[in-house]
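For reference, chains read A, B, C and D in written order, and residue numbers begin at 1 within each chain.
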Amino acid sequence: MALEYSDNEMMAISAGRFVKDGDIVFAGTGVSMLAATAAKRIYAPKAVIFFETGGIDPSLDEIPMAVSDLRVMSGTCLNSGLIEAFSIVGHRKLHTIAFLGAAQIDKYGNLNTTSIGDYHRPKTRFSGSGGACDVASFASGVITFMQHEKRRFVERLDYLTSVGWYKGGDSRTRLGLVRGGALAVVTNLGVMRFHDETKEMYLDEYYPGVSIEKIIENTGFEIDVSRAKQAVPPTEDELMTLRNEVDPQRLICKA
Amino acid sequence: MEKLMTLDEAVRKFIKNGSQIALGGFTVMRNPMALAYEIIRQGIKDLHMVCHSHGQALDVLIGAGCVKRLEIAYGGAGRYAPTCIRFKKAIQQGDIEFEDYSNYQMSLRFLAGSLNIPFIPTKSGLGSDLLNYEGFSKEIRTERKVATKKFEIMQNPFIDDKDDVVLLPALNPDVTLIHAQYVGEDGTIRIKGLTFADIEQAKAADIVIVTCEEIVPRSYIRLDPDQNSLPPFFVDAIVKIPYGAHPTGCFAFYDYDPKHLNMYRVYANDDKKFKEYLDEWVYGIKNHEEYLNKVGSDMLMKIKANPVIGYAVGLDRR
Amino acid sequence: MEKLMTLDEAVRKFIKNGSQIALGGFTVMRNPMALAYEIIRQGIKDLHMVCHSHGQALDVLIGAGCVKRLEIAYGGAGRYAPTCIRFKKAIQQGDIEFEDYSNYQMSLRFLAGSLNIPFIPTKSGLGSDLLNYEGFSKEIRTERKVATKKFEIMQNPFIDDKDDVVLLPALNPDVTLIHAQYVGEDGTIRIKGLTFADIEQAKAADIVIVTCEEIVPRSYIRLDPDQNSLPPFFVDAIVKIPYGAHPTGCFAFYDYDPKHLNMYRVYANDDKKFKEYLDEWVYGIKNHEEYLNKVGSDMLMKIKANPVIGYAVGLDRR
Amino acid sequence: MALEYSDNEMMAISAGRFVKDGDIVFAGTGVSMLAATAAKRIYAPKAVIFFETGGIDPSLDEIPMAVSDLRVMSGTCLNSGLIEAFSIVGHRKLHTIAFLGAAQIDKYGNLNTTSIGDYHRPKTRFSGSGGACDVASFASGVITFMQHEKRRFVERLDYLTSVGWYKGGDSRTRLGLVRGGALAVVTNLGVMRFHDETKEMYLDEYYPGVSIEKIIENTGFEIDVSRAKQAVPPTEDELMTLRNEVDPQRLICKA
């Protein structure tokens, strides 16, 4: 009988499966940290996890609660700083995968982490870009974690903090961003990807127990579901690694 | 060492109403908290903060009403406050003037300041609203230490094809505040663990104030100078103040204090309770010994870092 | 460690006729000499060298006819050759294409390359002939890895008054050659003493080859990662070759070899004798053990650095 | 009875006397190294000597023979790199004095260390700028060491590597170089300085045993000698410090 698992666990494992051996993985806080660590421990042992703060390949015996956590500086191959970290994200000889979170996303995978409402006097203010805009500009691919809600999957962002496929088609390249773009969106309901040509979001996988209709209802724009398939649930091995090795204190797994 | 002074002296001598200030550290790490508290106690107003990703020190300063103007990439304290609470309220209420940049953009602006060049190019932000919205008004842009433009987009002159490049104006703050692990008796600074943008911020500034955990002999700090972070001549004031970054962490010395950060979140969420927090933890504190007594030896032991591993192994961080 | 290979393999795999090459080190320090000798032995031609201040490795490569094109700030070997001799002859005889920059300009160009930005501004050189004369012809400027312009002067867009700024094109060499003291078993690089522009040169390059004095356990190199210089993923080939920088020095391992540098000066000054030098010290050398035997254990002991002080105390350096 | 002394010793001491306590002193190779070290040991104990290679405030128990010498990295407060070093030279909060050498100098203190003859096919090629052009652009003041010869003190440089007072007057500032300029020229015959307004070179001091006429003869342009006075010879204390502490191996003092 399959084990029970939390949303965060399903999301971490769905995202982790995108990481290839040898990838350089840029991790943020929360689920993103879980996913990056899980990826390295389960699928891609030669992947290197690093943080915008400058910590490269830490031992991660305990899960960090912030990208500046002391745990991102322990057992690393190098402790540097922000400028070093961002120049790694964009380095042409590295294949870099970035995990980001956002408050809003549009159908081209553009992200808002700045504010809702008028920019100068917002209804809700968020943390701001941090390194998200930079990473979205430079990484080989971005995987975004979202709570799947209509108010978050929107036709038009209140503020475009981080560029995904911009206005679709080749508009991202025409901006002068030579590589990268939105690779996938991993939510509490499923996994979305982007059409090769139009760069529009489509449903790739829905989680066991989630209906396609529920995803359509919770998406604020029209989404192609014609290619949707059910996701493979986390295996016992994956879950055990996640719980025993990645987040033994269950700080993030639980949610 | 003539630059050695008390917290009170350092702040009184170098920070004025309206000063432009950069903070060392990042969200919950090596924030110059003791300096932030002293700025609040001295009633300094109208600060212009220039920040990449900042958390605790910035939020307390904003909450205490010391900040008029803010250039920032990120206001958050990790999982303890994904968006800094007093920062969020201040912007939503229209209490402060603010301008958004990204982390790399802000770091590059400090780098440009440290290299004494007027601007620096990047491709970061092309297509984003960081380059569509200006937070500062035209009036603000005529003021001291405010860039005349948020950015400039130009064509790369080294290639013929269309190739847009973003030029970012350099930052040269009046004062940069750093908390470091070690200062040598010769004034040399050594930061352990990640340095974030501390080095660039320090070299870009007119004045640098460093608080530290320990002052160590010249012979020690000069035995392996490859490890040092700043030469003495960039530093104007040095204050020894152990646990001067609490409740944020300090690699190899102490972890962040989860209990305090959780408590802070609760207090910061309520205007009345936030006043109580300031009264209890800032205004009501006579000296740093009293502050550490309030934290309690029990908690100081819990957050004490394993000096080899660098953090407090097994600390309850919920 | 899969990147570990022999000198022969590393050069054969990554360096081609016409490659653009940056050298780590500076004049008489940490020159990648073993790599330079191997390049000569493999008969590689038409190299495009991009250098700040270089001495021994550059001069040998020029003298052996491997270099077609050179961007450089300084060709010298301290008091042993205030101007590098084969470099001087090659320019005076019109044997190589050359372009002059300053040290800061070249370092900034590598920095720009390492940051992945197309150019970087500076005020250095305003009024100087570095900005009046171009060494490269228009034809050369259309070639691969050559900047389309030596520089561009623009008005600072952030102020209204006249304010000229020099934009320098980024450098992204095909290959950067570094000699380091330590490489961890995980591939992490640690350079001791001054790093010159090695880090920027490595990060700017497509390929990085590192020769080293010692390979050390992962547990050692990761105990204090603040001291490390480059993460493994920037490095493509690692070759263990002790004394791989001889006759230049390597901090904490060995001093420069004054006898060899003086001897080199004499040989380099005479075309026929220089051929003898190459035959004896490069072409005729079967392996590195033979090279070290030629240097002699007597001299190896004399130049052995005091590991605490970093150099060979009292060495006769005349 | 006064001690005998070499040209290099007289030059090192003449130049060293310009250094003030607290100055940050940029030193090159040769006499410049001797002068910087002498200045710190004799006149300005709080001066900091640093090198373009990134070595800051080394112990200098032995005199370096190159700016990349291992001796510039030993006992320092910081070992960094070129970019760090050049950003120190130009830092607005530091008063930086630079010692340079050159092959040619003109009456405005502009320097040539690049070549003689046609730039593209020179009669004599020198080392090139190295950090000289940068330091001349950024330092608070430059002191240049020269052999005093007519072919070196020229009306017109073959190549202007490093800007001094450019074309005189306020022409340097108008270039966009906000501070600095040529402070003095120290030769084997005397010490030259620059007129406050016109920025033309004048003879300030001639060494004991050197005639003003000899200096005029060896200068390739007209030089104002109206203010010239005899230099104070090195004292025994100065010479002893130089020989016993600065250059105990007599590697540079001797010449």
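FYI, a residue touches a chain if its C-beta (ideal position, glycine included) is under 8 Å from a C-beta of that chain, and two chains touch if they have at least 3 such contacts.
Treat the numbers as computed from the prediction; the structure is a model and nothing was measured.
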item: Comparison of C-D and B-D by number of C-beta pairs in contact, larger one; value: C-D
item: Inter-centroid spacing, chain D versus chain C (mean Cα positions, whole Å); value: 27
item: CA centroid of chain A to CA centroid of chain D, Å; value: 57
item: Interchain centroid distance [CA atoms averaged], chain B/chain D, Å; value: 40
item: Gap in Å, rounded to a whole number, between the CA centres of chain C and chain B; value: 38
item: Overlap residues in chain B, where contacts from two or more other chains coincide; value: 108, 115-116, 123, 163, 165, 193, 226
item: Overlap residues in chain D, where contacts from two or more other chains coincide; value: 73, 75, 79, 83, 90, 138
item: Category of the chain touch graph - line, ring, star, complete, other; value: other
item: Interchain contacts (touch definition) - all pairs; value: A-B, A-C, B-C, B-D, C-D
item: Complex contact set, residues of chain B against chain A; value: 25-29, 52-53, 55, 72-80, 82-84, 87-88, 91-92, 94, 100-105, 107-108, 111, 123-130, 132-133, 135, 162-165, 193-200, 249, 251, 255-256, 305, 309-311, 313-314, 317-318
item: Residue numbers on chain D that touch chain B, as the complex places them; value: 24, 48, 56-57, 73, 75-79, 83, 87-88, 90-94, 138
item: Residue numbers on chain C that touch chain A, as the complex places them; value: 114-116, 184, 186-188, 203, 206, 221-222, 225-226, 228-234
item: Chain B residues within the chain C interface of the complex; value: 108, 115-123, 147-149, 152, 154, 156-160, 163, 165, 167, 169, 192-193, 223-224, 226-227, 308
item: Contacting residues of chain D [partner chain C, same complex]; value: 29-30, 52-55, 62, 65-75, 79-83, 86, 90, 114-115, 119-134, 136-138, 159-163, 166, 172, 175-177, 249, 251
